[in-house]
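Next, two complexes with subunit A in common: one pairs it with subunit B, the other with subunit C.
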Partner chain A sequence: MAEPLKILVADDNETDRMILRAIVQQEGHRVIEAANGREAVERFLADSPDIILMDALMPVMDGLQASREIKERAGGDLVPIIFLTSLQDAQSLAECLDSGGDDFMSKPYNRVILKAKIKAFSRMRLMHAQLQEHNRQMLLEQQVAKTVFDNVAHSGCLNLDNIRHSLSPLAVFNGDTVLAERKPDGGMLLFLGDFTGHGLPAAIGAMPLAEIFYGMTSKGFSMEEVLREINSRLRKILPVGVFCCGAMVELNFYDKTARIWVGGVPDVYLVRHRTGDLVKIPSTSLPLGVLDPHEFDPTASDHNMDVGDRVFLWSDGIIESHNPMGEMFGEARLEQLFEETDNPDDLFDDILSAVDAFIGKGNRDDDITLCTAKMVHIDDIGMPTFDTSKGTVGGPMDWEMSLELRDQSLKAFNPLPLVLNILMEVEGLRGLSGQLYTLLAELFNNALDHGILRLDSQLKTNAQGFAAYYLERERRLNDLDDGRISLHIRHRPVGKGGELSLRISDSGPGFDHQRMVSGIDENGESYSGRGITLVHQLCDRFEYRDRGNTVEATVCWPKQN
Partner chain B sequence: MSEQNPEPSDHLDEATLNELEALLEDDFVDLVETFLKDAQVRYDELAQTVKSTVAEDIRRAAHSFKGSSLNVGATRLAALCRELEDHAREGRIVYAKELLENIHHEMTVVDTLFRQRYL
Partner chain C sequence: MTVSAIPSDNGTAMTIKITGRFDFSSHQEFRQIYENASPDIKVYTIDMAEATYLDSSALGMLLLLRDHAGGDNSDIRIKNCNEDVRKILTISNFGQLFRIE
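Right after this comes the complex of A and B.
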């Protein structure tokens, strides 16, 4: 026999109640009785019966009214009500169902049918309870998943003053992600992603994405490298048809430049603070996770940015939001906001309130995910501090290593993240990570650009030249068939601290390191002040040797301040 | 005045009663007693409504008396109640008094039959 149920019999006629009680008890169920509608509601509240057999016509309160009150108080729980009635006309029977009844039975009672109905509603109750349990379970699981995701995706550096973003708290289950992290050289990577689909399938890709993004960015990998890794990982783990549209921006606060990659999301906007001019950067790549690693080529565009210039990234949620009439917000309305603004600082809020006003009482089809970042002076934003918890006290103190990259490797591999990673094993150097990375990058890039590729830094003095410089660099790197750069790094303990020595040599004919590092060109004009400042701040010894193709730097720690 | 020898099958539905007896077992006697007591109350209510001549009240009382009669297989009593209910629904109360008398007579017959057989 199935699980015994608690069944409420509400009938003003005692003989009816006796007969019904006998039928129900014979099936092994428990009976609670009520003699009118008021009593039925009271018994329902006191005993929470599983099924109710309700006479339609009763004194004090009739069955219809009792049914309405019970259904209202039952809330999400399913409490089947079967009306017992000798009424025959269709109108009366319909009223029974309208008042919240689930079924009706005509008097005199047919025992077989009544038993079958109780069984059927008992099954329905079980299914309903199961459904509710699954729903509770799903919400619980989403909460857990969200907590794990928040730990992985944390907020990075999204709380910096030059970034603003809008993302609903459960956006991860709508497939939307916004990530930002500083690079060891002081730069910043910003990513906005929009996975296809909704719910857990959309959320699941966001975790490895965030993990790769934060891990690689803080180790100094370039935007292209981060994108390649994300693409190849998503390609591997996501089923066909699930992928991530996105846009990534790398901000360099020294050079005041932005590298922008757009893959499948609406145009990224770059707004000039002074002129209000709008540059639209359209999508040039397929989304992440679509192409095989060897087919994926993240082509980014480079842009100069003055202090105050802003980039805007968004998912299609804004453009595709609907008003109650079913119209889309559209790109034209968005562009109009940019044209009409008096103060670009207000644009972020203007967009959100315009979209909000547009949607009105309409349905929110998608999350409004929006992110903007402003170019600032490096001094205003400071160097990043990374929280590294790995390593033992002190770490490796006495070691040296050599790494030589030949032409093929120079094209294919950026050794800086790897080298920085090893340096960060030395606990005493961790506080200097940003500066060490910048020093390494400066010396290595000088060796590559000027030593091997023999590029003239004069080119970089203006915006057009900047672009030309990088085009030429890429061309020469591609054509490179001879050349090597070797890095020799040694660390040894000294007193309470240590001493780090770097030697970087290239196979080129030599160049004027002094000029590169001091940032003084032939005309005695400074093009970049940071190299020389950094060298003085950080290095205890610094010299170039041989024919100008070897540079040596020594950094001692702890630093005396 | 009760008939001397009423024929049970003219007044009661044997199949229903047998089924109830099987279902309720020892409680069946209780059911019969409860019905007889209840029938007296319902008849008094019905008589009150007929006196008041409000058709809707008559219909309601007759409907409810019909239901409880049907339960215990008092088919002829139920049929008379139904006749009264139908007239009342159409607003005809001219036959009400006459039908009420018939109902009263049938009640005494049913009372006698039940007492003879079960009590």
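Right after this comes the complex of A and C.
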């Protein structure tokens, strides 16, 4: 026999109540009685019955009103109400169900049918309870998973003043993701991604993506290297047909440049602060996770940016959002906002409120995600500070190492993240990671660009020259068939701190460094293009050796100031 | 939305016709078509003449078909795209994987 139920019988006629009680008790259930609708509601609140048998016509409060109040107070719980009525017309019976009733039975009662109905509703209650429990469990799991997800996905620098972003998820989890992280050289990587689908299946892919993004960016890997790694990881772990459309922007606050990659999301917009001009950067790559690693070649475009210029990244959710008439927001409306704005700083809010007003009471059918970043002076956002709590106390203090890269490695490998990682084993150097990365990058790039590739830094003085410089650099690097750069790094303990020396030599012909010391080269021009002024600020001692193809920089810690 | 398949006379090609919105709701239907297709079929043509829109799930389905049809060795053509459909294929650069006619 099934588990006994608590059944509320609400009827103003005592004889009817008696008959019902007899039938119900015979089945082994417990009976609670009420003589009118008001009492039925009170008994419901006091005794939480499992099923209610309700007379439609009663004094004080009728069964229909009682049914409405009970259903409202029951919330998500299923409390089946079976109306018992002498009414016969279709309209009245329909009203019983409209008021929240689940079924009805006409008087006089057929006891076989009444018993069967109680059984049927008892089964339905159990199913409903199970469903509720599963749903509750699922939401609980999602909340826990979301906490983990948020900790992984939102650990970057999205809170910086020059970034604004908005994510509006359709579910607890979001198929869209926005990430930002500083590079050790002071730059920043910004990523907006849109996974196929919505909710948990879409968000799962964002976890490894965020891990790779934050890990590699903070170690100083370039945008292309980060994109390659994300693509190959997603290709490996996601099923065919699930991928991530996205756009990535690398901002350099020293050179005031942006490198932009777009793969499968709508055009990225670059807005000139001074003129209001709009540059659109279209998608040139397949989404991440589609191509095999050897086929994936992230081509990015380079852009100069003045202070105040902004980039805008979005998923297709904005352009494809619909109004109640089924019309799409579209690119034209978006562009109009950019044309009509008085203040580009308001555009972010303007776009969100325009899309919101457009959708109106219509249905949101995609995640709507928007992100913007502004070019600023490096002093306005400062250098990044990375977590220094990891690792052993002290770390290796007395050591040296050499690394020599030959032409084939110079073409394809960036040694800086690796070297910086090793340096960060020395606890005392961790606070200097940004400074050391910049120092290493300046010295290594000088050795490669000027020492080996013989590029003229004067090229970089204007915007066209900048692009020409990098084209020429790529060409010469491709043709390179002879050349070596060696890095010799030594650290030794000094007093309570230490001394780090970096010696970088290249196989090139060198240059007249004696003259450079006086600030003038053989053509009577300044060497400022080699970033030497910057290097001087970054280290304690600095000198050229040999024929100008070896440079040695020394950094001491702790810093005196 | 509906998906319908028209095999060619000699059994080595198949045209899949998409009508209406091409999105996740047609996942099952679309998969059944190519999974039940004869292994002799070498060329698939997706006819988008009646398709009004596709979302990223639809792009995913096209990738599944491509995988099923032999990945890099597959021959899949997408034809008669309206402007919206073509735009979505362009943004995602699917021209690198499919022949868009």
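Methods note: the second predicted complex is superposed on the first by the 526 of 561 C-alpha atoms of A that agree within 3 Å, B and C clash if a C-alpha of one lies under 4 Å from a C-alpha of the other, contacts with A are read in each partner's own complex, and residues count from 1 in each chain.
Simple rule for what comes next: a contact is a pair of C-beta atoms (placed from the backbone, for glycine too) under 8 Å apart; a residue touches a chain by one contact, two chains touch by 3 or more.
If you're wondering where the values come from, they're calculated on a predicted model, not measured in any experiment.
Q: Should the pairing of subunit B and subunit C on subunit A count as a clash or a fit in the superposition?
A: Fit: subunit B and subunit C sit side by side once superposed on subunit A.
Q: Which of the two partners, first being subunit B and second being subunit C, lies in contact with A:Leu286: first, second, both, or neither?
A: Second partner only, subunit C.
Q: Should A:Leu200 be classified as contacting the first partner (subunit B), the second (subunit C), both, or neither?
A: neither
Q: In the overlay, answer first, second, both or neither for which of subunit B and subunit C A:Met18 touches.
A: In the superposition, A:Met18 touches subunit B alone.
Q: May I ask you to decide whether A:Pro266 touches subunit B, subunit C, both, or neither, giving the answer as first, second, both or neither?
A: second
Q: Is A:Ala468 touching anything from subunit B or subunit C once the two structures are fitted on A? First, second, both or neither.
A: neither
Q: Between subunit B and subunit C, what opening angle does the Cα centre of subunit A see in the overlaid model, nearest 10 degrees?
A: With subunit A as the vertex, the angle is 80 degrees.
Q: Who contacts more of subunit A, subunit B or subunit C?
A: Subunit A has more residues touched by C than by the other partner.
Q: Should A:Phe243 be classified as contacting the first partner (subunit B), the second (subunit C), both, or neither?
A: Only subunit C; A:Phe243 stays clear of subunit B.
Q: Quote the smallest CA-to-CA distance from subunit B to subunit C in the superposed model, rounded to whole Å.
A: So the smallest C-alpha to C-alpha spacing between these two chains is 53 Å.
Q: With the touch criterion stated at the top, can you tell me which subunit A residues are shared between the subunit B interface and the subunit C interface?
A: No residue sits in both footprints.
Q: Could you please specify the touching residues of subunit A with respect to subunit B in the complex?
A: Interface residues on the subunit A side: 12-16, 18-19, 22-23, 26, 57, 86, 107-109, 111.
Q: Touching residues of subunit C toward subunit A in the complex: what are they?
A: 24, 55-57, 59-61, 63-64, 67, 88, 90-94, 96-97
Q: Touching subunit C in the complex: which residues of subunit A?
A: 194, 196-197, 240-243, 245, 263-266, 282-287, 290, 316, 366
Q: Residues of subunit B touching subunit A in their complex?
A: Going by the criterion above, the answer is residues 16, 19-20, 23-24, 27, 30-31, 34-35, 38, 60, 63-64, 66-68, 70-72.
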